Amino acid sequence: MGWTRDQMAAIAARELADGFYVNLGIGIPTLVANQIDPAIDVTLQSENGMLGLGPFPAEADVDPDIINAGKQTITELDRTSYVSSADSFGMIRGGHIDASILGAMEVAENGDLANWMVPGKMVKGPGGAMDLVAGVRRIIVLMDHVDKVGQPKFRKACSLPLTGTNVVDMLVTDRAIFRRENRQSPFCLTRLAPGVSIDELRAVTEADFNDTR
Amino acid sequence: MVDKVYDDAVAALDGLLFDGMTIAAGGFGLCGIPETLIAAIEQSGVRDLTLVSNNAGVDDFGLGKLLRAGQVTRMVSSYVGENKEFERQYLAGELQIEFCPQGTLAERMRAGGAGIAGFYTRTGVGTLIAEGKETKMFGGEPYLLETGIVADLAIVKAWRADPYCNLIYRKSARNFNPMAATCGKITVAEVEAMVGPGTIDPDQVHTPGIFVKRLIRAASNEKRIEKRTVSAGAV
Amino acid sequence: MVDKVYDDAVAALDGLLFDGMTIAAGGFGLCGIPETLIAAIEQSGVRDLTLVSNNAGVDDFGLGKLLRAGQVTRMVSSYVGENKEFERQYLAGELQIEFCPQGTLAERMRAGGAGIAGFYTRTGVGTLIAEGKETKMFGGEPYLLETGIVADLAIVKAWRADPYCNLIYRKSARNFNPMAATCGKITVAEVEAMVGPGTIDPDQVHTPGIFVKRLIRAASNEKRIEKRTVSAGAV
Amino acid sequence: MGWTRDQMAAIAARELADGFYVNLGIGIPTLVANQIDPAIDVTLQSENGMLGLGPFPAEADVDPDIINAGKQTITELDRTSYVSSADSFGMIRGGHIDASILGAMEVAENGDLANWMVPGKMVKGPGGAMDLVAGVRRIIVLMDHVDKVGQPKFRKACSLPLTGTNVVDMLVTDRAIFRRENRQSPFCLTRLAPGVSIDELRAVTEADFNDTR
C-alpha cells in the first residue's frame, strides 16, 4: 500500500522541466536525482556554492573539496561552476532557482512548512532551508503521510516551529499527491497512491483539501 | 613590497588574539576550514570566544577543537548538527547559540565587510528567526531586517596565494571564505601553496590582497571528509 | 542541453521588448557595454524606456544611441557627464534622471538580483541623495535605506561563454556586468567568443549560466575608447 | 607664491604609508601617482573594479578593456586584480581603502565636502565620490584655495550641495596645509606655502581654523 520513497522521488522528478535549475534537500529528496528523465536537462544546485552537481565519485576520485550541502563527496560536470555562499544564496533568495524539493516534519493546509526543529530536542539549526523556501520559485515537499506513531503530518496548522509561512506548492506523501494552483489557493488532492482509498486518506489527514481527481 | 607572509600561524596571530573577541571563520562543514590557524588559536588558550561560522566542526576537528577546549562562549551559525560536545555544552548552559539561516549568515558577513549596516530579506519571516527583529514591507511583502557582521579577526583557507595575498579558493572549499575574508577588522589567511607574483590571472582572483593582512602556508591540510559517499552507494 | 544560444540579437530579444519597460545594462563608460544588443534595441524602436546603467554613453555610441533616438524616458545612473544630447533632453524636460551614487547603484542591482529588498548604507547621508529616503541609526551612525532594483530585462557583455552560458568577463570590462546579469527578470548576454563545454575552469566562472537565459555572439566589438591616454602623457 | 599642482600632489603623496591601498580622484589627485616615494609600496584602486593600477600604456599597448574610473586607458601590474563594481565598492564602503585623495569645490570647517554639483549648471552626477567619502578611512582634499573670482573655497559652511558631511581629514591648497586629529577636531593650519603670510591666508579663508604651526 502506498508509494515507496523511490516512487515518491519519481513523482517529484516528473515536475521538473527541461532547463530547470533545482535544489534538492537532504533525505528523500536526494533520491530525486536518480529519477530525472534523461531526456530533459536539469542542473542541480547545492547551497554551499556548487552549480551543476555530478554523481558520487568512484573511490579513487573522492575529492574533499567537492561536497554537496549534505557534506557528501560528489563530482563535477562539464557545466559546473563554483560560487561563494553569498552568491549561492543570491541565486536562491533572488528567485533564480526554478524548484526545490525538500523533506518536512509537517505541512499545513495554508502552505506553512516545518522542517527544522522539534522543541525539547537539541536544535541543529535551520541550515539553508529557510532561505530555500523564501526564495525558490516552486517548493515541492516529499514526506511520509504520518509520523512514527501514526499521527497526520499534513495538518490544519503546524505544531512545530515554522521554516516558512505559505511556501509549499506541492506535497507528495507515500499515500497521495496534493497540489495548489498558487499560494492563494487551497491544496487539491490530485492522486491517491495505489491501494489507498479516499476515506483512508481522510482518516490520516488533518488538513482540509479539495478532491479534484 | 610589504611582506605580509608570516613564517607560521603563531607568528601570524601574534598580537591579534584577546579574550572575549569575535572570530569569523570560513568553511562549510569541514570543507575549506583554516585548519592550521584553528590549531594555533586552540594552542594560544584564548577564551570566551564568539565564533561566527556556518558550522561548529565535529568533536575533534575544525572549530570543534576550540569548543572541546572550552574556549567558546557563543556561536553564530546556521547548523551545528555534527558535534556532540557542542550539544553537551549547550544543554549545560555553557554555550550560547545564535542561529542564522545559512544565506542570511553569508549575507551578514558580506554586508559587514562591505559597509552595509543592515539589509532586508524574506528569509525567516514568520519564524522564530524573526523574533525581536524589525519587519518592513516592500511591494506588499514583509521582509526582515538583518545586520552586517564585523569580526575582530577573520580566518580563511585558500588554495593559492601570490605574495600580494591575492587568493584563489578551490571548488566547494570556497563557500564562506570570501565573505569571511572581508568581514574581519583584520584577516589572516592560510594557503595550500604560494605562487609567484603575476602568476595569478588578474581576472581570476577570488579575494584581492587588500583584504588579507597576514598570510601563512597551511601546515595542516588534512581535509577530513564528513560523509564519504562513492558511486557504489547510488548517485 | 537546452540551447540558449541564439543566432543574432534580433532573435535573442524577440518577445522581450515592450514600451515602458526597464532595462538594466552592464558597462562603465563605454567599457564592457553590450554594443550589439543596444543596436538591436535601437532598431526595434521600443520606446519610453527606463535605463538602469552607470552611465548614459556618449552622443553616438553606447546607450547614447537610444537617447538620440528618443527611446528613453528615464535614466537611473551615477554619472552622465559625457553626453550632450542627454543634456539637451534633460534641460528640455524630455528626460528624467535618478542619480545614484555609483556604489549604491552597484549594490542596488546586486540586491535586486539576490532577493534583498533594501539595505542601509552611509553613502549619501546628509546629501541631496538622502531626500525622501529613510534613515536609520546603526552603532550611533545614520545610514540610508536604498532599495534593490529588478529590471524587466538585463543586457550584459562578456568575453567568453560556454554553451551552458557560464560567462567570463575581461579586465575592467567586468564592472557592472555581473550585477546586471542577476537583476533582470530575464537576462540576455552577448559574448566576444564561445568556447566548448568544460573549457572554462569551474573555479573561474564569473556569472554562472543560471543567470543567462539567452546568449549571442557579439556582432559588434568596436570597444570605443573615451580617453586614450598613453605613456607620453604623464604617469 | 604658493604651491604648484605638482607640489600639492607631492604633499598629499607624503601622507601615504607603506602598504597603503589608495583611491585617487580625477583632476589634481591624479598627479599624486607620480609623486609617491618609490621606497614605499602603495596599491592604487579604481572604483570601476581594478585594484593595482599601472601607468598609462605605450601607444601599442592600449587596451580598451583596461581603464580607470576617469575612463583613461591604463595598464595592469603583477599585483593587479579585477572585481565587479559591487565588490569594488565593498572595498570602499567597507573601510578597506586606507586613503582617498579627492578634488573639491568647497570644504567647510566642520569637514563637509562639496564636489559634485553646482545648482543651475547641468548636473553630471555624483559618480563614486559619495561612496568614497562615506567609506574610505582617510580623506585628503586637494583644491585651489580660492575660486576663479578669488572667493574662499574653505568655508564656514558649504554653499554647494554636499558630497558628504564631516568627511575631510586633511586639506591641501595651493597656499596652506590644514589637518585635523579626528572628525571631532577642528582644522589646524600646519604649514603655509612659501611666500604666503598668515594674514594673507586669513584674508582668503572663510573657515575658522587653529594655527598650530
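List of remarks:
Read from first to last, the chains carry the letters A, B, C and D; within each, the first residue is number 1.
One rule holds for everything that comes next: a residue touches a chain if its C-beta (ideal position, glycine included) is under 8 Å from a C-beta of that chain, and two chains touch if they have at least 3 such contacts.
This structure is a prediction, so every number in the text was calculated from the model and none was measured.
Comparing the chain pairs A-C and C-D, the larger number of C-beta pairs in contact belongs to C-D.
If you average the Cα atoms of subunit A and of subunit D, the two centres end up 54 Å apart. The centroid of the Cα atoms in subunit A and the matching centroid in subunit C are 35 Å apart.
With centres defined as mean CA coordinates, subunit B is found 28 Å away from subunit A.
Residues of subunit C in contact with at least two other chains: 107, 110, 114-116, 121-122, 169-171, 174, 202-203, 206. Among the residues of subunit D, those touching two or more other chains are numbered 76, 82-83, 86, 89, 92-93, 134-135. Arrangement of the chains shown, judged by which pairs touch: an irregular graph that fits none of the line, ring, star or complete shapes. Contacting chain pairs in the structure are A-B, A-C, B-C, B-D, C-D. Across the complex, subunit A is touched by residues 1-2, 110, 112-116, 162, 164, 166, 182, 197-198, 200, 202-203, 205, 208-211 of subunit C. Partner subunit B is touched in their complex by these residues of subunit C: 107, 111, 114-122, 136, 138-139, 141, 143, 147, 168-171, 174, 201-204, 206. On the side of subunit A, the complex with subunit C involves touching residues 18-19, 21, 41, 43, 45, 51-52, 76, 78-83, 86, 89-97, 134-135. Interface of subunit B with subunit A (complex): residues 28-32, 54, 77-82, 87, 90-91, 97, 99, 101-107, 109-110, 121-129, 169-179, 206, 223-235. Looking at the complex, you find that subunit A touches subunit B at residues 33-34, 46-50, 55-59, 62-74, 76, 82-86, 88-89, 92-93, 117, 122-131, 134-135, 161-165.
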